[in-house]
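In the two complexes below, chain A is the common chain; its partner is chain B in one and chain C in the other.
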Partner chain A sequence: MNSSSSYHLPCDLTSALNLLSEHSDSAKIVAGGQSIMLLLRQGFLSSDIFIDISDISELSEISIQGGAIHVGAATTYTSLENSLEIQPYSVLLDSLHVIADPQIRNLGTIGGALGHADPSLDIVPPLLCLDANVVVQSLNATRAIPLSDFHQEYMTADLSKDELIHSITFNQPTGIHGGAYEKVANVEGGWPTVGVAAQVKLGENIDSFLDVKIALAAVGDTAIRSYSVEKSLIGSEISMDSIRESSKLVCNDIDPLDDLSGSAGYKTHLAGVLCQRALVKAINRAGGSL
Partner chain B sequence: MSTSFNSSPNPNDEKRSSLDAVGHNVVKVDMDDKVTGAAKYGSDIQPDGVLHAALLRSRHVHAVIKSVDTSVAESMEGVKAVVTRDQLLGQFDDRVRYYGDVIAAVAATTPELAIKAADSIIPILESLPSVHDPKQAIRSGSPKVHDVNNPDFGQHGRHEFTVDNVEYVQNIDDYHYVHIGDVEQGFLEADFVFEHEYISPRVNPCNLDTHCTIAEWDGDTVVFTETLGAPSRSRDEIADLLGMPHDKVRVVMPPVISSSFGARSVPQLSFEPVAATLSREVGGSPIKLWFDREEEFTATDHRHQTSYNIKMGITSKGMITAAKIDLVADTGAYPNGVGHIVLSNGLSRPLEIYKIPHYEFEGVSAFTNNLIAGEFRGIGSTQLGYALESHMDEMARRADIDPIKFRLMNFVEEGYARPNTGRPIESCGLIECVERGLSTFKKIQNGPSNDPEKLRGWGMAAGTHTTGLGAVDLDSSEVKFILFPNGSLVVEVEVLDHGQGTDTVMTQIASEETGIDISNIHVQHYADTDSADAYLGSVASRSTYITGLAVQDAGRNLISTIRDLLSPLYDPGKIEDITITNNTVSFGNQSVQLSDLFDESIISIGFAESELNPPAYGAHFAEVEIDALTGHVTILCYVAAQDVGFAINPKMVEGQLEGAISQGIEFALRSEVKLDRGIPLNPNLADYSVISAWEMPQKLICEIVESNEESGPYGAKGIGTPAMPPIAPAIINAIRDATGIRFNKAPVESEHIAMALLKEGTNQ
Partner chain C sequence: MNITFELNGKIISAEVSPHQPLRDILRSQFDLTGVKVGCHSGRCGVCSVLLDGKVIKSCLLMAPKANGRSITTIEGLSINGELHPVQQSFKDNFALQCGYCTPGFIMATVDYLSSSPSNPPVRDEIKTAIKGNVCRCTGYEKIISAVSNAITSSESL
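Take a look at the complex of A and B:
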């Protein structure tokens, strides 16, 4: 932030959208500041106008409407973690427990994360497994975009300059289901070297997969679904062998890079290991056994 | 975490019960201000009219400065001074030698404006070939960082040396060599010889409060307000660096001392000289230069990265016959006297822990175009401890000897004459450390896991570091007591409380000697290098040992002064057991008001000196559990058995051990400033891993061993630095036990373990 920047803290959504419309070329939305402050400090970003949406109560609401959960963009990780509505979603809860540390979870928001579009965010793979939609709003329009389309490429979200993220929605899973998120990081609360989310829906006899969703963090330009693993499991019987063999297919869908958190080879190895572990945990939570 | 103290019978129980203030868990006297945020550190100081400094730093690792265009910066309103490298006071030529070297600096009315102005400066640099491998740097044909060996930058410890190795010709910061006995003969006498290399990481202490100085001129004297652990030694170094007489530099301590871990033990090249030059440019007004986190990583010191090659011979029974140690340390781009300490500690430590009949050591600290290395907790001893104890462990395993028995049969003992100096080892609690540590460890150890994906193992390491600097240079300390009629006592000391607790320790000793209640004693640091010659300050784990003795002396002198005041008034035969309670002196069965003895105050001086530097020892035990598929290491159990001579404050000894263990875990498993041809890849706390309570051992027990060091106060010796050396090797030896693989480059990251296990087929 430079000395000529102005910082706005609107109390209602209309004021925020008006400000955004007026300054769409130069404004940045602040929703917790846990990512944007790092970018500002390191000089990767500068802006004249900051619009902080954390005082807009409408954007911090969590509700269930018609079988779908709506989470306001300014909802902090901590309030989401503690909300009763979210407790059945173990895939999401697992990730909320391991995002950074409590201080960051107290300030960081779900909308802030999704707007940031970093492929290493722990929160994204579980939401991909839940088929989440992102609701974005401008002064004149509201649209809902599947999260899988919202993150277009590295650190790039499908968001126009006059739009902000209003909320994220996802349906309540039906049937016999379970989910889990597994992560490896250099230190507890650190960025994931690799993170894998799994959500399964099991057949009546709890011995076969009706549906499987696998999504990974930190192994590509965006968080990635592993359709290869999903396809090979859907419809098949549950067995340790099938899980082990299918998890190896994850390497077909990912494109990790060598970086500070590890080599591409290690990340590919981890993706398979964590995929298997997340699946086993998800099946156990659904009441299945191996 | 749990802690046990005196879990087995301790011969000092009787001694402890006879003491009132010393030997007990007195609560830290400076705690309230620090935990409430009331403490005012150097960076909190904001003098009226202060200007803020910012630097333009090199992004080249080695280059000649062709030109620097400062015109935009100079035209900015609010910019009060702009200086280029050639205008800086001190030894700055037209070459930058590392990423972060100073090119220009500005002073402006706000920190933001200063940064903006510094960013506007356009330098034209011409790249020079650079060198980043210290082993290459010292050999002919590599680029030269400095034109001569052993260049003089005013660094302490600089000494003349002759290099015996014909291959080491250039880029030499310092060189140490010793040959005792006949090493080749020693290897001939051995039944088993083993040689291996060990590489240690470049780690940063990550002090919460980054470097901050305020420089101003008082006539022809430059005054720096900042925490410098060895204030007077640093004053001399800064003066020599600036080319000024020592008495024209003053170093003033801020109200509360910042943490250091060694990082504030020596001045920094792009710090004090820059602030001093900018202040001079603006007529002597105060200039505040406060490093941000990236500067803390790039422009302040790291622990030297070292490469140790150790060759050792043993008999079939496990007796050491010979050791040959080669050390190459990376000094980085400029000298600061610390390379000398890394080498001398690397040379001496093996001889202070093991009996080695034939011994050869060659150590060189080399200039490279890497970041500057410097002091960090257990200088040189930490790296040597890691290398030597990894080697001892591996050697024993390969020779099929129990690693603990192997150490026990080769340990030095009290009275053993160090072969390099002839000085006998003072107190030595090594064997008790091993026995008590092992006994406690066996009680809490989990043992093997039934889960094939979880590999468990355990290991131990011993270690040592000396207390004080007596053997290097006569170490001495002077303290002053001022007693007021209301019974309050001011204790002036030269050592600084960086958080390690010296204010509390000195308060305890003063209370013990005088009877004055802890709450009536106020420790003050000599505020200024002009008011006292605090040459060494809080370095080398000397504070409790040498200054503690001086406080004891001052206490005894104060009682003696009071006795002199009482003598004319009372029967001298009845003046015994003098003690001060509130504003009253009690003796025999009588008491008298202090105000009846003197009006304003009485002063006593205490003095202590030592030619000794007793080693403090530790034996640490670790049990790890390794995720065979991810390589992640969890430390299940840890026992630190540490010989501290006598624990003046057992709780604070435990605090020192626990803090050291967290820094040892970082060294062993998690932290490293990574460089790519000299360019730091992770100079921020988002990318550089610092551990938290999560990575600490799940069970941790400190066993305090008390060997009663005769030359120390109440038998005490050091703890701060001696706690460091055993930690990383104990953990890495446990990993060896769990995996069967010797990792010889720290930090041993999860990836290294997982990929090595994959290669071996253990985790298929």
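Take a look at the complex of A and C:
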């Protein structure tokens, strides 16, 4: 056993923040530990001081305040999937159902995902479509940052060493709306080769787009919105032709890599196909028909 | 560090390091070799155990996380030598070939049964419930039957 390593399991947020400010240079926050355990085994983590936040009940609360939903950072994927508050958010629910497997979802947390900042995480595109904010806290300050600014570089979260993610918040969609997440993976329960989230808001007659949001996983350094597809659809009438044509524009916004899960060309094609599927499902869920 | 937790119904203490996965503690300090070693990366599920009744992969559980919690391994399922209904169902349905993946599949099934599965059983739902476990003999059909029959007979429990 490494004698200098210490593992803390604080029960309240203030103790955790105190520990973090005291050891900020060498401490690592542990939530579910699903990514950390792998990094430790691979020798990518040198921290010896671990601050486990899973006993802090405040960090696993889900609440609705003034039309916005707040999800504590240490909420596991499984609790989120089963929570009543989250059931109306089909774009988020779709992604929760396809993340890894029950074992990983029983421990992995939403805050751990955002802290890990992998561009292939399934939960990030749906949260981008919901315009989520990340609430970050240190001993002295609390700040809220749009998720789109929180991940700006590959595997990097906008966190100082004395800060932790407290919660994730997003507004309830208004009007006639629907959302969906579509993913293709090489193996059942595997990371996405490409993942696409769509959230739509339809006009009164359910025949036009008032608003469209599209976001993708596994196609670049970070998860990313596809403004090209969004712009070409907003204001237009709903038709299979327009969806098909607009989905092709997704190639303007992504930069996938050639790797073992597929070539860049294949992933670009896949992104277009999944974009169509996610849009069709989102429209149907909003009550539209195609 | 020293941790105390409930292991298969008994309160025990163990000396652990954050760098150790719980799997290694269970096997080396407690001789619970029904907790198997496979991929070391959370993909194959042979090391699955229950943490407070929920299935997790013990190769991915930092050992200190067990402190104050309850852990159940395959060795803790039978009572007075009588197989747990899920174990019995795997036996009755010939749902094992080499047997290496069996403890993991059984632990995943025990958790699934406790989360009100559809009854009559739904094949796709079962496949989703056990997708964190790999059977390298590819004996999935019998495993699905075993899970399905465990659900049907749990009604009469």
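Points to keep in mind about this one:
What we mean here is this: the second predicted complex is superposed on the first by the 287 of 290 C-alpha atoms of A that agree within 3 Å, B and C clash if a C-alpha of one lies under 4 Å from a C-alpha of the other, contacts with A are read in each partner's own complex, and residues count from 1 in each chain.
In this section, contacts are C-beta pairs under 8 Å (C-beta built on N, C-alpha and C of every residue); 3 or more make two chains touch, one makes a residue touch a chain.
Note that this is a predicted model, so its numbers are computed, not measured.
Aligning the two structures on chain A places chain B and chain C in a clash.
In the superposition on chain A, A:6 makes contact with chain C only, while chain B stays out of contact range. Contacts of A:38 after superposition on the shared chain: both chain B and chain C are touched. Using the contact criterion defined above for the overlaid structures, shared-chain residue A:160 touches neither chain B nor chain C, since it reaches no partner. Of the two partner chains placed by the overlay, only chain C lies in contact with A:54; chain B stays clear of it.
In the superposition on chain A, A:189 contacts both chain B and chain C. In the superposed model, A:26 lies in contact with neither chain B nor chain C. Looking at the shared chain after the overlay, A:78 reaches chain C, while chain B stays out of its contact range. By the touch criterion defined above, A:100 lies against chain C but remains apart from chain B after alignment on the C-alpha atoms of chain A. In the superposition on chain A, the chain among chain B and chain C reaching more residues of chain A is C. With the contact threshold set out at the top, residues 2, 38, 101, 188-189 of chain A are in contact with chain B in one structure and with chain C in the other.
Only residues 1, 15-21, 40-42, 45, 48, 51, 54-57, 59-62, 64-65, 67, 108, 111-112, 127-129, 131-133 of chain C touch chain A when the two sit together in their complex. Of all residues in chain A, those touching chain C in their complex are 1-2, 5-7, 9, 30, 33-34, 36-38, 40-41, 50, 52, 54, 78, 97, 100-104, 106-107, 188-189. Of all residues in chain A, those touching chain B in their complex are 2-3, 38, 42, 101, 184, 186-191, 193, 260, 262-263, 265-266, 269-270, 273-274. Put simply, chain B touches chain A in their complex at residues 110, 112-113, 116, 294, 629-630, 632, 670, 674, 681-682, 684, 686-687, 689-692, 694-695, 749-751, 754-755, 758.
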